[in-house]
Structure formats: structure tokens, C-alpha cells
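Structure provided below as C-alpha cells; questions to follow.
Chains: A, B, C, D and E, in written order; residue numbering restarts at 1 for each.
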Amino acid sequence: MELLSYVIRKLIGGIPLILGVTLISFVLMVYFGPDKTFELLSKNPTEAEIAQVRAQLGYDRPFLVRYAEYLKEMATLDFGFSDSTGERVSSILSRTIPVSLALLAPGFVLGNLLGIVLGLVAAWYRGGWVDKLIMGGAVVGMSISFLVVIVAFQALFGVVLGWFPVRGWNVHDLPSYAYYVTVPTLASVFVALGYNTRFFRAVLVEEINRDHVRTARAFGARPAEILFRNVLMNAMIPIVTRILFSIPLIVVSGSLLIESYFGIPGIGKVTFDAITSGDQPILKAVVGLTAVLFVLILIVTDILYRVVDPRVSLTGDAR
Amino acid sequence: MIMGMLLLAACSEPPSDDNRDVYRHSEDEAPASLDPAQASTVYSNMVVVNVFDTLYRYKYLARPYELAPNLAAGFPDVSDDGLTYTFRIRSGVEFTDDPAFPDGTGREVTAHDLVYSIQRHFDPGVRSQGAWLWSGRIVGLDEWGQNGADYAAPIEGLKALDDHTLQIQLTAPYPQLVYTLAAGFSALVPKEAVEFYGREFSVKPVGSGPFKLTSFNSALATFDRNPKFDRGVLNLADEGYRDDLHGTYGLQALDGQAYPFVDGLEIHFIDENASRWNSFISGEVHNVMVPNEQIDRVLTSKDPIELNDDMAERFHKHSGIEAGFVYGGFNMADERFGHHPDPDQDAANRALRCAIRDAFDWQARNETFYFGLGNVFPGVIVPLVPEFDADLSRRSVQHNLQSANQALDEYGWRDQLPSMSYGMPSSVQQRQMFEQFRAQVQEIGFSTDQFSPESFATFGDFSRAIKNRELDLFFLGWSLDYPDAQNTLQLFYGPNETPGSNNFNYNNPAFDALYEQTLTLQPGQQRTALYRQMNQLVIDDCVVISGLSRTRVHLWDKQVRMLPDREILGGFFMRFVDIGNESETAAMSN
Amino acid sequence: MNAPLLKVENLAKHFPVRGGLLRRVQAQLKAVDGVSFELEAHRTFGLVGESGCGKSTLGRTLLRLHEPTAGRLWFEGQDLTELDTSALKRQRKQMQIIFQDPFASLSPRRTVYETLREPLDLHRIGTASGRKRRIQELLEVVGLRPEAIHRYPHEFSGGQRQRIGIARALAVEPKLIVADEAVSALDVSVQSQILNLIGDLQREFGVAFVFISHDLAVVQHISHEVGVMYLGQLVEQASVERIYSMPTHPYTKALLKAVPKPDPQSDDLDAAAASVLEGDVPSPIHPPSGCSFHTRCPEAMAICRSQTPKSINIGSETDPHQVRCHLVDPALSLHIKHE
Amino acid sequence: MSDPGIILPAPEPAAARLRPERTSLWGRALDQFRRDHAAITGLAIVAVFFLMAVGVWFGWWGTQWSQALGGRWEGPSGGHWLGTNLLGQDIFQRAVYSTRTAFEIGLIVAILSTLLGGLLGALSGFYSSRWIDSVLLWLMGTLDSIPFYLFVAAVAVAMAGNPWAMHIAMVATFWTTTARLVRGEVIKLKNLEFVEAAHAIGLGQFRIIFRHLLPNTFHILLVQGTIVFVSAIKAEVILSFLGLGVQDGVSWGLMIAESTQEVLAGQYMNFIVASSFMFVLVMAFNLFSDGLQDALDPRRAPR
Amino acid sequence: MTRINQPHPVLRVDNLCVEFATTAGQIRAVDQLSFSVEAGQTLGIVGESGCGKSVTSLAIMGLLPKPAGRIVDGSVLLDGQELTRLPEGRLRQLRGAELSMIFQEPMTALNPVYSIARQMTAVLKRHQQLSARQARHRAIEMLARVGIPRPDQRIDDYPHQLSGGMRQRVMIAMALSCQPKLLIADEPTTALDVTTQAQVLRQMVDLQQELGTAVILITHDLGVIAETCDQAVVMYCGSKVEQAPVADLFLQPRHPYTAGLMQSIPRIREHKLDRLPVIEGQVPNLAALPPGCRFAGRCPNREDRCVQQQPPLTERGAQQFACFNPWNGPVES
């Protein structure tokens, strides 16, 4: 009951955020956004045809009407049909989101797990050569552009070694999944690892300096025990925050690059195509749903806070 | 656990049956819409003509392209005045089974379906991209659309005389009419499916073509053979088979066999050249159009085109010229350099345009971006059409800085050149092309700032800028709808000015008069002569910087017996593709 | 008699506590709850109490660094609670504060000169050239060498920083300084230096102090009057002599007994511990009914649970001794039984 | 014995007794920074790049980036140190010219987003849990929940190919991080006694923000500025690949975008040169930024 | 006060020297420190911040921050066992079992994400091989002994649900739960209110005497020393300046620093003083110590030799001090 009232309160609190996101993205992407009209026209259009297409796309209606329409779509989660293909937006999303999740999940999980492990190791040996090695590696990883990594990995694994496909997504069982997901996963882990390790190390070092860690040592706790119970468990709030908040970014921005470069029909590629073709219903859906995802993640984060830290209360302000 | 769920979600596609013969085709772009009414691109057409039927198709192997009846039983009867066409349609052809039909069983295709399919283009609700093919040509059709598109209302010029006979009455002779009935736009769609799927008809097409679409997304379209499809057997001789040209491809084995030959079809849409090429090399797809940057690695000779030994051992090749061209154009509506009411200024403006044209180096463009495989030609009658004049002076496509500078001096342009904006969709290659062009015009005195790029995030926005006459200079490509020079010459017809197809806003009464004169002419020497006259006008007025037709080099796996094409023939070839026996074990071995 | 320098009447400061679905105010944290006292010029009022009793909040409310929730505040006969922003800004010149944490009380990125110059500039004290001289004087007064002027706070020890803090408070020549735990964070040897400095300054400049501390010994040393605070209220106030020689409120007594004496011969730890209070200080959000001290009071009676004791003067007119305890209420005639 | 140990907080501020050799916070940071060899190396490399950019600015070199000086895909030679690209343009000249582009983007975005983030973050922190803070937090939340590339694309489209669209979009997204950090620091600082002291002497709110709070967040602004600088350079690569980046001119991002096709055709020069230039600068900047962060870390400062 | 004197000290610290690497170079935080504690005895170490008293405790525990701090010389013998040369693993087994420590800040010294039960039983399970049930039982018993009401319920609380005094009691219970030979209490009551401080000290002393634990009590508060300790060590700038039984120390401090310290602390007096006696000047910088006596710069009894050479430790009865010119004057008490 406490949880429910909390979630309701947070959902209500998320409304301004969603309104803000929809308003900004509406103004930028829809109102001033790309004009689809001229892509839908025939080779020899007339003014009348142009007016007709604009009317069909709804471009001729006033700002407020169109924005209200968008809000209505958000409320009903029905974004109509793609302006390009005519496919129902909901069916596009339900077709592509699972692909993106399957594509991104291994890299996301590995990137964070490895980051935490490396962060723990570096934090424990901080100042020593192990730490310097790991952090040096992290800086190198952080300094390479994602694009460069993708191109290099494709060339290496796809062309030079020929172990994995350069692109595509023809997944129907576990081996084919592994076959297609490996290179994108390696690329995303490679890129994320530097940032993750660095962040986790900083958080863990902060925690390692706390009094209770000294207490644990004074009572003879083993390093593994200290690292897990005192350091990791107490650093969960920033860790959970970072991991959860990276989800919406990865789902849209991360998948956008990977998918358009690996030619994988996920939500990122659809979004990218929607940008370059001005497919507003899809853009509206993606942006709107990302905002909703953000709000949901805000809620999940707060609930997880309470799970990982008994001091956090959902009702009061006491933190 | 979450991973497992994701995996399941991702693996929901049914496993493919490995015993089927599946031809895996690669294309460089995905079609936007599969609705014939919007089949304006090569990519849409590729799918549409395989899922739907058109009355006519092009012969498999004959070049220049020739029509052959497809759904039609023979060629139409044409009245003497050239205004009334009567088509006979095969009987016994059925649409594929689909939930859209009562009982889920496809019914017979009739002449009424063709009437409906062409009517749709004039229905304002359909957002047709092909209506212009028939606009103003068929008696009563335009009015029908303007009067609310009531499908129950009869149209005088477009009627089914019975289930298997269609009559079209033209407002004026239209020699290209039969060509238009081989275009994807004219494909026959069942009204039931259009109504059943509504807007989603564009991704769930139902037709009577050789294949039935089973899945479609921006990366892959898969098809099964349409078991109801029966057009008899392949007659190689009728299709224009010549042993000297086609002998090595193993097509003989197919002669006399019923088509389509493959059980399934996959079309992979792969945007990046490199990815597409690698998919081909690794055997994931059966064919590829050689991307430019691979030309040097693959070919030992460009004229004639010869593969290197390694490639020749593994793959078949075929090369052909594209049905279209790329060109640069000026916005003639701009008085700074386009048409001008003052004849002196008009002449000076022409000189400026000619100077820019002469500064443009087609050879460099060809070498850099088409690896020397492009076919540079003067004017706008492209090499693929029969009216092409191989002997035309090449003066207009020669890089000639001296004449360019001379003209600028002569007409007093020196030091007062206008600033020109160059529009382009934002892409790496477009930018490189621009950079090369800019380096060339700098040679005739334009400064970097005077010749500035304007890039557009979407092609639509780029088109809008052209249609709104905001760009001074732009480069575009045109692909032919049918093999007739009229298709490109109409781009310069005054009444077609923007937002029509005349993006140049070229307005020359002499040209227009000639154009109108040719409209009703049947193919022949007289028409060809007039076409060439018009062509010369366009060249002399320096409206365009034209042109180049690309040479396509197709490679395909030797186990596949076919002759791929994506120009005029396009998707029609897929029904004749056969996979050799080896493939049954080789598919997806990795 | 003239109006006292500072007169506090029923001063209260409550902080709202929010919660629930609509984040409504659910309760009030009564940090200061009806405090009254007077302070003459040149004198020091010692405010003593354990952590969380509201003494720091009271100190800040006196300066209107917190807006009082209720009650009145007169400074030299003027009602401070009625001042608008600009008048308050002028008033700030009269009243200053010294803080506990010598590390947090100085801006780390400003030199001593900048720190001391700011109040002079703000209140337009002296001429531009005179200000520098004035700053040097101030440093001298608080016992710092003039070369300290262009140094940053981190270059000083805790005691020296506290001296800078005192110099800043003195810069505007205030009539009243609130010293909030001004020596608590310092080492003993430094503590006594600063205490002496404060004593000297009072003698030299006649500044009145409200001296807040949890250390009864320090308060005894520096104060003229002492108030003992518990849960936002003054439970006992009197002259320093009276409080320390005859503590009356059970809380005051307990406090005094609990202080460890630096003398192995004195009462043993056992004695101190025997008289110590049970339990912890209750939450100021939900203070106990009646006398807020009754939950820990060794002498609590039934009435203490239900009735809030009034403040009763058990001293004389001239030497008042206010105690908030039912035990001393003559109306209840309990003090007899107690004695 | 190989127990790496846990560095406990100095149990007593023993270090506080240590007279620092330097007389200012910055001086001490400088000392700390000087001892950090990696950071010094990083700074030196950044300086070299900066000189390169300045040279391009003044037209000392890199002037012929747009001209076709040689044939297609020439190998490294005396004339073209790092070979030529598809158009016959000199790859070295283009890479050098791109240094200027990178610094322009990096500096503009870093400076603007730091200014904006610092200012709004300070306002938000100072007026925390007041309406102005709510509005700013709402704005930050909103901007943060729009996917970055979508946002940039939207700005680019909405501004119809304006060459500054990318910068504006980056500033609009990057400032929020700075603002949140500054906000947090200001909230922490404003409860410190020196701020109360400023109130007590009668200082106005804006003076407190600008004189007492913002200067104390300077280390955050500086470090965050360097981080944004690097992020902007890296984001440019992606945006240029997507066609939303630099409109006229050349940048490493454009070079890499050009080279993605060439790499698979076996032409690596463009890719290697552009990636290496960028990698070296970004790496150097990261090292520099790390060193700076360490040197300015308030927890290291003896207090 | 009389306590049983045992021949073998539980802890013997001999000539302990600890150095720290800092940006200003190597500094010696503890210099040639020697003392010993016997079972059931409480040794107080008193001094101002930075005098090295806490570093000493960490050095004994083997918890010096590495690699910055290390023991450069001397020995620490716990029951005859040399701790400074013990491998980390063995030392770990001793910590919490043979020697325990409690810290100043009760608010932060416990792991906030685990319940008291979990933290206390972890220690018991680790060192005493108790089952979970036994460990819980023992933990509740220990909590009861340090005076926590309803220990069977409070044991499932999280640290933030307890007040500072309660937490410090939990720390004491935890530290003594394995009946260590030595307990080091580093400023255990400094962060507590006076009323709580007395309670907590009481509980600690009671339990210590019950268990016969040796205690090192580190504090800056001479009052605490006077009330709880048998012996006291006074440290200044890293070295011991005086050691004596508490009664002797307060009766007649010998080192001028001890005397100054005693005089300058504010205490509740019957008659107020106008000015407090002070020790003039400041503690010297550890990185630049004077060659002679470290207190010489502030010493009222300073002689010339004090500035040049370090006074050796002199014994006078049970009292030790490092001064050429010891204090003889009266000390107000």
C-alpha cells in the first residue's frame, strides 16, 4: 500500500516531465521537424497534390491541435501508422524492440558486470600497478570513438578473420544468436567498459574510505567480505542509479549506432530511418515512450534504493 | 532469466526449412511501401512485381528491353486513331489465399481488378505516386477522382467489358501506355485486401504474382513461391536468349520448365556497401551489384569488363548500363543566372551556366565515384533508350576551363560572380561530390564562400527546397519508368515546372512546342529526330550539367542460374531464378 | 532601567515536516519552542544543552538567519521581527556570529584580506585606504600577525582560523555576537586561548555575547547568565553563580553530575554514572506531553506527564532564577516534599 | 607482504600540520599536477594539438585541405606525408585542419555548456526546493530524457542545416550534467558556515552566489569543462557519421565517415590517420583531465 | 584504585616508530613510543589532535593506511606474539578475537546496510565458529550486558534506527563479544553528549572488568582519563612526554606540557577565573620538527639545552617523563 501510493505519487510527478519532453520534442521534431510531404509525392506533383498530402499528414493543422493530438496518442499509446511504410507504429515497435533488447542485453550486462569487477579490483589495489593498469586501459577505452571501434571490429572479425558476420540479424536459435550478437556485443562492451570501470572505481574507492570498512577490518573481515558487504553493498545506490539511467540512453542512442551500422532491424535503426525520412509518428512514439521509460526508471530506481539501503524510506524525506 | 526471455523474444521467428531452394537477393536500400500505388522506387518495384501481377512485363533477356504479356493474353487491340485500347486478360489466375478474402481463399483475378487498381491512383485518399503516368490521359479518370472517387461510378475511358476484357480510352494518343502497364504502379490489387488491411496494406500486400510475401522489415523481405502461379514454361528463345551473350550462365537447363523455380525468395536490404559486399563474399546472399570501391579489386579490365581470375572462378558476372542518369541542374527561375526577361542578360546568364558546366569535370566525377565505369554522355537522352544518339557532340561534357573562363570574361562576370548555393542530402558521398565540384568551380573564380553547401537531413527536405526553388544548383538522379526518351525530356517541359517534375523551371517555348508535338507520335524516326532537337535545345541552354549513366556490374554465385537486372526488368527476373543442386547442402553452412 | 540590548519573548522556530501522498506538512519540528530571556550590553548569556536541543537554531533565529515562527525579538528596543530586508541588512552590522567549524566558516578560495574586506565594503565602513589599515588592526586584535593578511584559510591552524572568524565578526563593530560552539572543535590548549580572547574582546569593546556550547565548564567560565535548554525550551535560567551553585531543575543537575572531572580524587565514575539519565532525548517532532523532560527525569511525577510546567522564578527580583519544573511550583507545594 | 591495504582516512589531521609549500589552493593543485607525469604528458600533447589548431587559424598550414592535390588513394610520400584520399586530397592536411575544427567544437561547447551549467546549477542549488529550482530541475530532467542523437538530429532539422545546430544541441544536452554537479555542490556549500557568515554580514543573494558559491565550484567547472570538451569531440564523430555534424569544412568525424567505405576496400590511411589524431588528442585530454581532477579534488586538500 | 597486577603485560609496545609518506615528504607520526598494558588494566593515551595517539592504535591493529603509513621500527607484542611481523592473514584472525577496537564516530562506524544482528553474528561466526543461532544468542547477551533495553528486538534494527549512544554500546558489545585480550577505544565518547558519555563509559568499564580485558583508551579529555584509567600516557608531537599512574599524574604532573594541559582545560570551578591559564604558541609542524625538545617552543621552563637536544625519558618512581627541567609547581585541581 505504501509502495502503491508511492508509485502513484511518482507517476503523477512524472507528468510534467513527460509534458516537457513531448513539448520540446514536438516543437523540434514535429512542428519544425522534417517535412515528409516531398518524399511521398510522385515524380511530377502538382500544388493540389502537395496540399492533399500535407493535409493527410496533418501538417496544415494548428500547433495546439497537433500537440493535443500527440498527447492523446501518448495517453492511449496509439501512435497510428508510419508515414513511410504505413505499418502500424505499435507493430513496428513490438517487432523491433525485442530485437534491440536481445542485441543490447549481453553487452549491457557484460559491460556493467565487468566494469564492477574491474572497478573493485582497481579500488582494492588502488595506487598500485594493477590499479594503474586497469585505469590506463579505461582511459584508452574512453578515448576511442564508438564508430572507430565498430569499423575496426567489423574489419577484424568480419573481413580479416571472417569469424562473424559483418552485419545482419538472422536469428532463429541460440547458435545463430551468438553468431550475430558477438561483434556488436564486443564493440559495445569495449566502448562502455572504460567509462563503467572508471565510474565504478570512483564510487567504490569513496566507499572503501568509510569508517565502517575500517571497522570491518578491525574485526578481522576478509578482503572478499569487505569488498562485497561493506564496499559493494554500500555503493549500490550510485551503481544502481547509473545502470538504470543508462538504460533509456542505450535503448535509443546506443542501439541507433550499432543497429544502423550492423544493419539490425531494431528500434535504433527504425529511429534512425525515421529521422532521415522524417517519419513523425515513429519519432513521436520513440521520444514519448523514452520519456515514459525515464519516469518508470525513476520509480524503479527509488524502489531499488530502498531494497539496497534500509535507510531509504519511500514515504518520508529521510534519506 | 531476463536474458532468456529476451532470447525467446528474439527467436520468435520460425526456423527456416533448410530443404527449400531459396534465392537470397541483396539490394542496397529497403522499399518504403509495398503498395503498388506508392511503388515509385526501384526497391518497391522489385517487391511489387513479384507479389502482384502486371498486365505486361519485360522479356527476361532481350536488350534493348522488350515487353511481353504477363497477366494479359497478348498485346492489346488498338483502334486506328490510337485512342482505344482493348486488353484481354488471362483466365484462371487467382489471388493468393489470404484472410482478407471471404473463406480466406483467393478469388480469380479479373479486368475489374485492373480498373480498380488504376482508379486507386486517382483516389485522393490513396496518396498515389504513380497517377501522373495516366493523369490527363484517360477519358473521365481525372474527373472521377476530383468528384470524390466513387468506386461505384463508371468511368468512360476505363472499363471492364467483361471479366477478362478491359477497355481504355485515351484523350490523346499515348504511345507509352503499354509501358505503363508493365510498371509496378499498374499492378493488380484485390479490393478486399486493400479494404481489409487499410493503411497496413502497404506492408501486407496481397496479389497474384509469382511469390507471396511472408515477412517484411527494413532489413529483409521473405517470400514463398505462390503455388497458384502458373504462366506455363520458360521459353528461352522468346525471352531473347542468345547463346553468345548468355551461354555461360547455365540458363539452357531451364528452358521448357515451369517457373518460378525457387521455393522461396529473400531480399536483403543492406545499406552499407561494405556490409553488402561482405555478405556476398561470405555467401549470405547470392548476388551483389559490385560497389564502386570494390571495382579495382574485382576487375582486371573495365573495357571490356573482366573479372579477375579469383572472382571469375567463384562468380558469374554481367554488366549493363543503368536505366537512368545523374545530372546537375540550375534553378532557371532565378534571374541572377537563369531565365531573364532582358535578352542580353539572358545571354549572359546562359554564358555563366555554360561556364559552370564546362568547369565541371565529368571525367573526374566518373573516375572518383564510379571508378571509370560510368558512361558520360551529352544531353538528357540516356544511353539506355533507343533514341540515344551516340554521335552527338561531346563538347557539353568536356572539362574546358579555358572556354569557361573566356565566356565569363566575355560576358563581364569576372569579379562579380553570384553566390551560389549547392543543395544536397547529407551523406558522405554527396559531400565528397560537392567538394570535388567546388574545387573545380574555384578554377573559374568562385571563392569557397561563394559556392556554399546546404545539406538537408532528409531527402524530403532537400526535395522541398528544390520544389520551393530555394536551391541554385543541385545534383539528382533519375531512373526511367519506361525505355523511352520522353521520360527524361518531360523534365524540361515548361508546364511541368515546380512543384512538377521540371525542377529546373526551364521554360523554353520552342522546347515546349516540340514536346507537345512528340506526345502523340508513335515511336519512329520522326519522333526520334524531334527528341534529338529538344535534347540539343537543353544542351545549348546549359540548363543541366549532364550526364552520366552508371554501369552496373552484377556478380552472382555460380550455383544460381539467372541473369539479374534491376533496371527496367527489375524484379521480373526473379521468377526465372534457379538454384543449382549444390545449394541444398551449402545453405548457411556456417 | 534602560531597555536591555536584546530581549527575546516567546521566540519559536518550527520546521515543517512533509510526508504522505501530497507532500503535505504532517508535523512541525519544534526546534525552538517559546524561549524568553534578556541580555544586557557587555554581558554574556551562556546557552547550554545537549545536541539537538535547539540551541544553534535559537542562535541563528536571534540573528534572523532563520525567520522566527512566533515570538518577538527586540534589539536596543527595536522589534527585529518587523524589519524589512533592507533594514535587516543595516541591522546586521549590529549583530554578528562566530561558528563552530573553523574549516567550514571561511570561504576556502578567499584570502583573509578578502574575507575581512567584504563586510567593510558592504557596510561602507571607513575609507578605501582606511579599510586595509582597519583589517590589519583587526588581525592584531585577534592575535594574528599582519603578514597573515594575504593568506588563504587552509594555511592556518584551527585556532587561527577561529581568530579570523572572530575578526570577521568584529569587523562591523557589532554590539552583539552569537558564538555558536565557537571553541568546541578546538584542542584544549587552543580552546583556552580563544576563550581568553573572547573575554578580552568583551572587556575591550563591550560586545555582548550569546555563547552557545554543550560544555558546561566553558559556559561557566565565560558567561554572566546561563540558560539550560532541553527540547527547544529553556528549562532553567539564572546567573552563572546561581546555576552552578544551586542547580534546581533535575536536568541541570544531571548535566552537571555527568561531566567527567579531571580529578581522580573526586567522585568516581560510578557516582557520575549512577545519577545519569536513562534513555535518549525524545524526538522534537513528537515531544512528550506535559513536561518534555518527564521521560528521563528521575523525579518525574504523575502531573509531569500531563501538565506543562510554567517558568517559575525561585530567585529574587534582582537575581532571578527561572525554573520550569513542577517540583518548584509553590502552587503545588511540592518543593517541600522534595526537600 | 602483499596486502595492498585500504587507505584509511588519515586518523588525525596530521597533514593539517604540514605547512604546504605553496601558498594558494591553485598552487598546491599545481604542485600535485606537476608530479603527475601522465597528466603533464597529456597537457603537452594537448598543447601541441592546440598549436596545430592555432596554425590552421592563422593560415600557417592545413590551408589546402579542400584541394585535390594528388591522385586517388596515393600512399604516403614526400609530397603527401600520409597519402591522399578518394578525391586526391592530402590526408595529412585534412587531419591537421580537422584539429582546428575539433578545438572549435570542443571549446565552444565546453565553454558555453560550462557557463550555462555553472550559472543555472548555482541558481538551482541556491534556491533549492523553491520554484526556480523546480523549473530548472524539470528542464534538466526533460533534456536528459530526450535521447541525445535524436535531440541533435531534431535541432539540426529544426534549424534547417544551420552550421551551429550541432553546437547548440550539444550545449543544450551537456550543460545539464554540469548543472547537476554544481547544484549538488552549491547545496552542500550553502549550508556551510562561511555562507551563513556571508548572510550574517548582510551580503545579498546574488553576491553570495557569485562571490562565495560559484568560485568554490570552480574545480568542478574546470574538470567538467574538460570532460565536455572530450565528449563534444567524440560526439562530433558520431554526428558526422549520421550526417548531422560539421556542415562545411572537414573534421576527423567526416574523415572517419568517409573512410568507413574505404576501409573495407583495403584503403586504411584515412581511417588510421583520423582515428589516430583523434585518439591521441582525446587520450591526452583524458589524461590531462584526470590529473586535473586529482589535483583539484577537495578531498585531497588538507582541511 | 587497586587492580590486580599481573607479571605479564597483555600488550607491550617497544620503541614503536611510525612514518607517513606525504606530499611534504616522510613524516614521523609516532617516535620511539613504548608502553605496556596488563590484563584488566586501562591505559589512557592523552594528547591533542595530531599527537600520534590514533596512529599508535592503528599501528597496533596493523591497520595503518598503506602504502602511505608504515612501522619503521619497534615491536608490538600481544601476549608475547610479535604483531608487526605477522602475515596479514594471521593478523586478520587476531583482529576482533584477540584484539578489538572501537572508534570515535558511532554514526559511521557500523555498516549501514546490514542489521546489528548480521554484523555482530558475522564477527562471532568468524572467530568463534558458532552456529548462526548460537551467535545470535551470544550477540543478544552481549547487547544486554552493555545496557541495551530489549536487546532481542533491537538486534534486528539497522544502525540508523539507533541513537549515537546506542550505537556506541553496540560497538562495545561487538568489540568485546569474542572476549579479546585487548580493547583499543579511540575517543569512544567524544562524539556523544555528556549524559550519554557517562553511561557508555560506565558500561565499557564494567564489562571490561568483568572480562578482565586490557584497555587502551585514547582521548583528549583529561576528565575521562581521570575517571576511567589506571595509567596514562601523555603524547606530544608523536612522542611520549610523560607516563604515570593516573593518581600521580594529576597530583604532580612532571612535564610542563602535561601541567599546561591540565591547567588550561576549562573545568567547573567554585570560583570563576578571569582568564584561563594557557599554553602559548602552537604545535610545531611534524614535517619540520625542532632538533631539541618538541615542546621547547612553548615551554615556560625552557632552557638552552631544551632547544638543542631531546630530553631522555626519566623515571621517578612510577612516573616517567621526558624533560630536563620538570614541573614542580602546583596544579589547580
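One rule holds in what follows: a residue touches a chain if its C-beta (ideal position, glycine included) is under 8 Å from a C-beta of that chain, and two chains touch if they have at least 3 such contacts.
Keep in mind that what you see is a predicted model, and the values were worked out from it rather than measured.
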| item | value |
| --- | --- |
| Any chain in contact with subunit A as well as subunit B | D |
| Contact distance in steps, from subunit B to subunit E | 2 |
| From subunit E, the most remote chain by mean C-alpha position | B |
| Result of counting contacting C-beta pairs for B-D and A-D, higher pair | A-D |
| Geometric centre distance via CA averages, subunit E-subunit D, whole Å | 49 |
| Between subunit B and subunit C, centroid-to-centroid distance (C-alpha), Å | 89 |
| Chain centre separation in whole Å, for subunit E relative to subunit C (CA means) | 32 |
| Sequence positions of subunit C contacting 2 or more other chains | 157 |
| For subunit E, residues that touch 2 or more chains besides their own | 49, 63, 67, 283 |
| In subunit B, residues with contacts to at least two other chains | 272, 274, 278, 457-458, 461 |
| Interface residues, subunit D side, partner subunit C - complex | 16-17, 19-20, 23-25, 192-194, 196-204, 211-212, 215-216, 218, 301-303 |
| Residues of subunit E that touch subunit C when the two form their complex | 1, 48-49, 163, 165-166, 193-199, 201-202, 205, 220-228, 246-247, 250, 260-262, 264-270, 272-280, 282-283, 333 |
| Subunit E partner contacts - residues on subunit C that touch it in the complex | 50-51, 157, 159-160, 187-193, 195-196, 199, 214-218, 220-221, 240, 244-245, 254-256, 258-266, 268-270, 272-273, 276-277, 280-281 |
| Residues on subunit A engaged by subunit D in the complex (per definition of touch) | 16-17, 20-21, 24-25, 27-29, 32-34, 124-128, 130, 139-140, 142-148, 151, 154-155, 159, 208-209, 211, 213-214, 217, 226, 248-249, 252-253, 256-257, 260, 271-272, 275-276, 278, 283, 286-287, 290-291, 294 |
| Interfacial residue positions of subunit A with respect to subunit B in the complex | 34-47, 49-50, 52-53, 56, 81, 84-88, 91, 95-96, 98-99, 101-103, 105-106, 109, 154, 158-159, 162, 165-174, 177, 179, 260-265, 269-270, 273, 275-278 |
